[in-house]
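Two complexes come next, and they have one chain in common, subunit A, joined by subunit B in the first and subunit C in the second.
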Partner chain A sequence: MTRVRRWLPGLLLVTPSIIAIAVFVYGMLGWNFRLAMTDKHDEVSEGSFVGLENFVSLWDQKRWGISVNHAIVFTVVFVAGALVLGWLLAFLMEKGIRGEGTFRTIYLFPMAISFVATGVVWRWLMNSGQDERAVGLNRLFDSLGLDFLQWEWFRNPDWGMAAMAIPAIWQMSGYVMALFLAGFRGVPEDLREAARVDGCTEWQVYRHIVLPLLRPVTLSALIILGHISLKVFDLIMAVSGKQIITDVPAVFMWVAVFDSHDPAKGATIASYIVLAVSLFVIPYLVWTLRKERRP
Partner chain B sequence: MTVTETRSPSAQVRDPGGRARRRAGWTRGVRLTLLIAFLVVFLIPVYVLLVTSFKPLTEADPGRAWALPEVWTLQPWRVAWEKLAPGIWNSVLLAVPGALISAVLGSMNGYVLSKWRFPGADVLFTLFLFGMFIPYQGVMIPLVQLLVKFNEITQDLTGVPGVFYGAIPGLLLTHVVYGIPICTLIFRNYYVTIPDELIEASRVDGAGMLRTYWSVVLPVSGPAFAVVIIWQFTSMWNDFLFAVFLTGPQSWPTTVMLNNIAGAQTVPYSQQMAAALLASIPTMVIYVLLGRFFMRGLMAGALKG
Partner chain C sequence: MRRRWMAAVAVTVAGLLTLTACGDGGGAAQSPQADAKKKVEVFSWWTGPGEADGLKAMKEIFEKQNTGLTFFDAAVAGGSGDKARALLATKLQADTPPDTFQGHAGAELQGYIKAGDLEPVNFLYDELKLKEVFPQQLIDQISVEGKIYSVPVNIHRSNVMWFNPGVLKEAGVAEVPKTIEEFVAALEKVKKTGKIPLAIGSEWTMVHLLESVLLGSLGTDAYNQLWTAKSDWSGPAMTKALNDFKTILSYAGDPADDWQPAAKQVADGEAAFTIMGDWAYGYFHNPPDGGLGKTSKTDFDWAPSPGTGGTFMWLSDSFTLPKGAPNRDGAVAWLKVAASKEGQDAFNPKKGSIPARKDADTSLYTDYLADALKDWGSNKLAGSIQHGVNVNDAWRVSINEAVGLFHEDRDVAALQTALVEAAKNSGQ
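After this line comes the complex of A and B, so read on.
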């Protein structure tokens, strides 16, 4: 009884948040899944239960296949690009360099700005006009004599999504840099020193001491970048709008809800996005919970 | 912030010729050059935004976009301000109270989950954290329906139509609720560093949970409040998805208005870019002045790292 008295007030204080999370996160997710399993394909009908029909029939639509492909290309390029660039920047600064504070501030600033704002300039920078019609980066390459670098950017049907990842890398690599920098600095100096005394070259110190210790940081960065990538929306809307050429599931969902007025279809797409994110976020959360419980 | 130059002398000790030192100097040069090169690349979009925003209509021509303005003018900024001002006001009404409420909720949750734990607190915390990662698309459609319901209920009770869906309070509620996970995480990780003995001592003295919170925990919470307020302010200011689903023309925040201005073919480049800069000033100011706290919010998002 005294034990209950000890923890009950705490539970009561958290209760409003528990209710809010239960309703707004889990309740809404459940509601959305249920909606996805009905045939409510317009805004007025009641909609009856049809099971997984919508989940299956979505794959018959060409546009869905395109948007899934786009999401995969975007995710691969963005995650790899931001990880590599962020790691490189942290590696270059790791041992301390004059003006480090300034470098960090500037590499990180894109995170503070919304994509709706920077989309204005990225849309222009990645304009597809070439040679005499060139603007933006193509214009810059043209005047620098680097004509071969000109291309269609996000209007390229095959690699357009790779171009779309460039602004995303621009925004997130500073964050990855900060994560890795904290990771590098978290490696105890005496561990490195011990390895050096044992005759390791600087390269071997990295290979066998520093890099293995960075694994948890890399995993965190991977999860964060990956889950951002799968639900990317602002960036696409700001740079290219609702065009098939840069369609991703999140934009397709918007079209289903606002343009086609098809709630069941919108809910189905949304459910797929949730499933894709859950697939690797849930194992990660379980893993951190377990790690936490081990002293 | 402080910089540690060459750390270990051992390399030089084993290499009396000073070759290592020369090589260290050389690699530092390479590192610095690369860092500066990336700096320039990172700043390209800012350069374009800035120079274009000060150009008169006649110069806002794509062919000359890389050049500095021949005539500097504030005209595009003036027009952008006129168009964007209502949205900026809506964003202030949303982000200032929103960030404060988020901080209070996060502080209470973080306190309980770190210092006044109950059975199953770990599992509950993990269930909270999942809320940080969920794609908001997955809750969007039901959320609209729920807020419409709230509208009906409040209209029946007070006679005022449209309080939640299509208005700032609904958007504010949404941001506060979906901000609970990150705010709880930041405060919990901060409160873990308060020694348990302090809490125990307070308990022994007969203080209850709220008393301990008020007189032991809250007085040292300043930095965590700063982190959460800045973090929540920035995400509410920059959000587009919730805003575009849940607000109407009267309550459009800055991002939605900016998107409408920037999407219009008829608006000259210079005005679009001035509007984009204008919309970014609040978050940029916070970032420059309080970058340290912004950073900590970022790192908290990375869980344990």
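After this line comes the complex of A and C, so read on.
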């Protein structure tokens, strides 16, 4: 009886959210995967089981290849950019700066804005018009005499997605900075002192003491940025809309479901997005579980 | 100890109650059975300047004629109904349709028809003798196996070439180009002056351009045949048309964000031509705030897009009767207003379109609209691709995709193959 008393209240407390998550997250995921394995290619038909056919045939579509490519370019530039910039900001902050609180607020602030609002502003900033027709950043470069920096931004067929990552970096690097700053602050001063006493230069202190201790923070930042990046939708829609030139899987999914009215195809794309995100999240979960088990 | 127990139970119960309440609340909000007798939910995407005013004018007529009913405006913002139609799809799937919704007349409605979401409205056509007032070709193009599923409230023209007379004069283009060859020659002359020969917007405006080029290059009969069983997408005529498209596109400036900035380039004298539907007239002509406040014939001018003189490529906004509408009688009352001469004459001058009825009051339509009304009555008709007349949604997306890919690689053969595939897989 006493044992029951110990675990039952806790269980009751979490039951509603367990049920909700089971139904609305995992239930829906399962439903989506099942739909992806049918041939329900319009809203009317019942759809019979076809196995992995949709998953295979998607790769025959030129558009899918392009959107995967775009997602990879976007992810690499965005994650690397936000990590480097965030780290740099945190590093400068950590070196001691006057009015740190103000700077922290300024850098963190973009995170409070939605990707849609960011996108609307950056659409103007990244307008592709050049020289006398330039607006936004191209106008700035033009008037500064830095003409060679003008380019088509997100309309460039090869590097457009790298430009698309710039607003995302702008938005998320402040958050990465906050993570790293907490990481820096978490490094005990004793350790650094001890290293300095042992004759380390300041660079070696960072290289051998601080950076290794920042590894968990870096990993968390990587996971957070990575999964945001793979499912990016709102930013793309706000900047360029549903165009092939900036197509990513999430936008393609929207087009498949709501424009072509092809539920099975949309579900297949959604499944691929979930799989890609879980490539980031599952290793992280395994890693944290292992770490927690260690004494 | 006991108190902690109670707290846990209380939280759990509260949580479960919230969960179940969510389910109920959502359902109840979507099908307001209680006051279904009075309210008529009219679903559209008319929220912009001009179009919203037109809707309001029709609403006033509706409420005056039907004192027992109130008009509920369920408009969802977003150009060409992108967001509205996504929301509509979820509502229809949940079997909670609005009483009536806006859709482009023609093949775009096919998805809804196949899904059994729409009720035919032939009874209205018989009752109001609408077959006598709408052009026969329009009725043919919106009928599916003899059944009509919508009431067109207006007509827009898609194949309009807008140009800046000043820029043309400067470039030495004396006559408005009437054929594709003349058009290319004019574009070349403008290019030499350093101005943008042809302004374009985002991807869908390129499909809009494509439909005008196809019509102009293939000719009206061959174009109309594309949507029948006798279609020929792979032949040499189509190859030539697509090469024309490539040539014309090579004179295009940097794509603007949408059709409005592209039209503005023409109005500001930065660009010579743009090909856009006649909703651009309102943008050029209306006073600042909604429009650019330009004077017609001096600041901007128009002509049928090259090679399409004598043909009216149309699209039409129309209203439907969904199956299981909570207030079917109210919806029918709304459709009657939308079909009536009075309703259409109140709506269209404000929206910047012409009525679908042949017996409209011509004095209400001036300037561009007078031209359009005259052509609507006398020209041959062709249906728009991008605006849902000839192709269903799946087909339209495939065409958009093909044109989007073409914009990057400029490979005519690949474009033609993609279009042939699209026609084959359309299931239409």
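The rule is short, and it goes like this: the second predicted complex is superposed on the first by the 292 of 295 C-alpha atoms of A that agree within 3 Å, B and C clash if a C-alpha of one lies under 4 Å from a C-alpha of the other, contacts with A are read in each partner's own complex, and residues count from 1 in each chain.
Here, contacts are C-beta pairs under 8 Å (C-beta built on N, C-alpha and C of every residue); 3 or more make two chains touch, one makes a residue touch a chain.
Please read these numbers as outputs of a predicted model, since none were measured by experiment.
In the superposed model, B is the one of subunit B and subunit C that contacts more residues of subunit A. Using the contact criterion defined above for the overlaid structures, shared-chain residue A:260 touches subunit C, although it does not reach subunit B.
In the overlay built on the shared chain, the residue A:44 is in contact with subunit C alone; subunit B does not reach it.
In the superposition on chain A, contact is made by A:157 with subunit C only, not with subunit B. With both structures placed on the common chain, the touch criterion links A:250 to subunit B but leaves subunit C unconnected.
In the superposed model, A:9 lies in contact with both subunit B and subunit C.
By the touch criterion stated above, A:190 is placed in contact with neither subunit B nor subunit C. When the shared chain is aligned, no partner comes close enough to touch A:198: not subunit B, not subunit C. In the superposition on chain A, A:101 makes contact with subunit B only, while subunit C stays out of contact range. In the superposed model, A:282 makes contact with subunit B only, not with subunit C.
When the two complexes are superposed on chain A, the residues of subunit A that touch both subunit B and subunit C are 8-10, 13, 16-17, 20, 123, 127, 129, 241. Of all the residues in subunit C, the ones that touch subunit A in their complex are 1, 4-5, 8-9, 11-12, 15-16, 18-19, 85-86, 89, 93, 111, 114-116, 202-203, 254-255, 257, 270, 393-394, 396-398, 401, 404-405, 407-408, 427. Taken in their complex, subunit B has these residues touching subunit A: 1, 3-8, 10-11, 28, 31-32, 34-35, 38-39, 42-45, 48-49, 62-63, 65-66, 105, 108-109, 111-113, 116-119, 122-124, 126-131, 133-143, 145-146, 174, 177-178, 180-181, 184, 208-210, 234, 237-241, 255, 258-259, 262-263, 269, 272-273, 275-277, 279-280, 283-284, 286-288, 291, 294-295, 298-299, 301-305. Across the complex, subunit C is touched by residues 5, 8-10, 12-13, 15-17, 19-20, 42-44, 62-63, 66, 123, 127-130, 133, 152, 155, 157, 240-245, 247, 254-255, 258-262 of subunit A.
Residues 7-11, 13-14, 16-18, 20-21, 24-29, 31-32, 35, 85, 89, 92-93, 95-98, 100-101, 103, 105-125, 127, 129, 135-136, 139-140, 143, 170, 174-175, 178-179, 182-183, 186, 189, 192-193, 196-197, 202, 216-217, 220-221, 223-224, 227, 230-231, 233-234, 237-238, 241, 249-250, 253, 257, 263, 266-267, 269-271, 273-274, 277, 281-282, 285-286, 288-289, 291-293 of subunit A are the ones that touch subunit B when the two sit in their complex.
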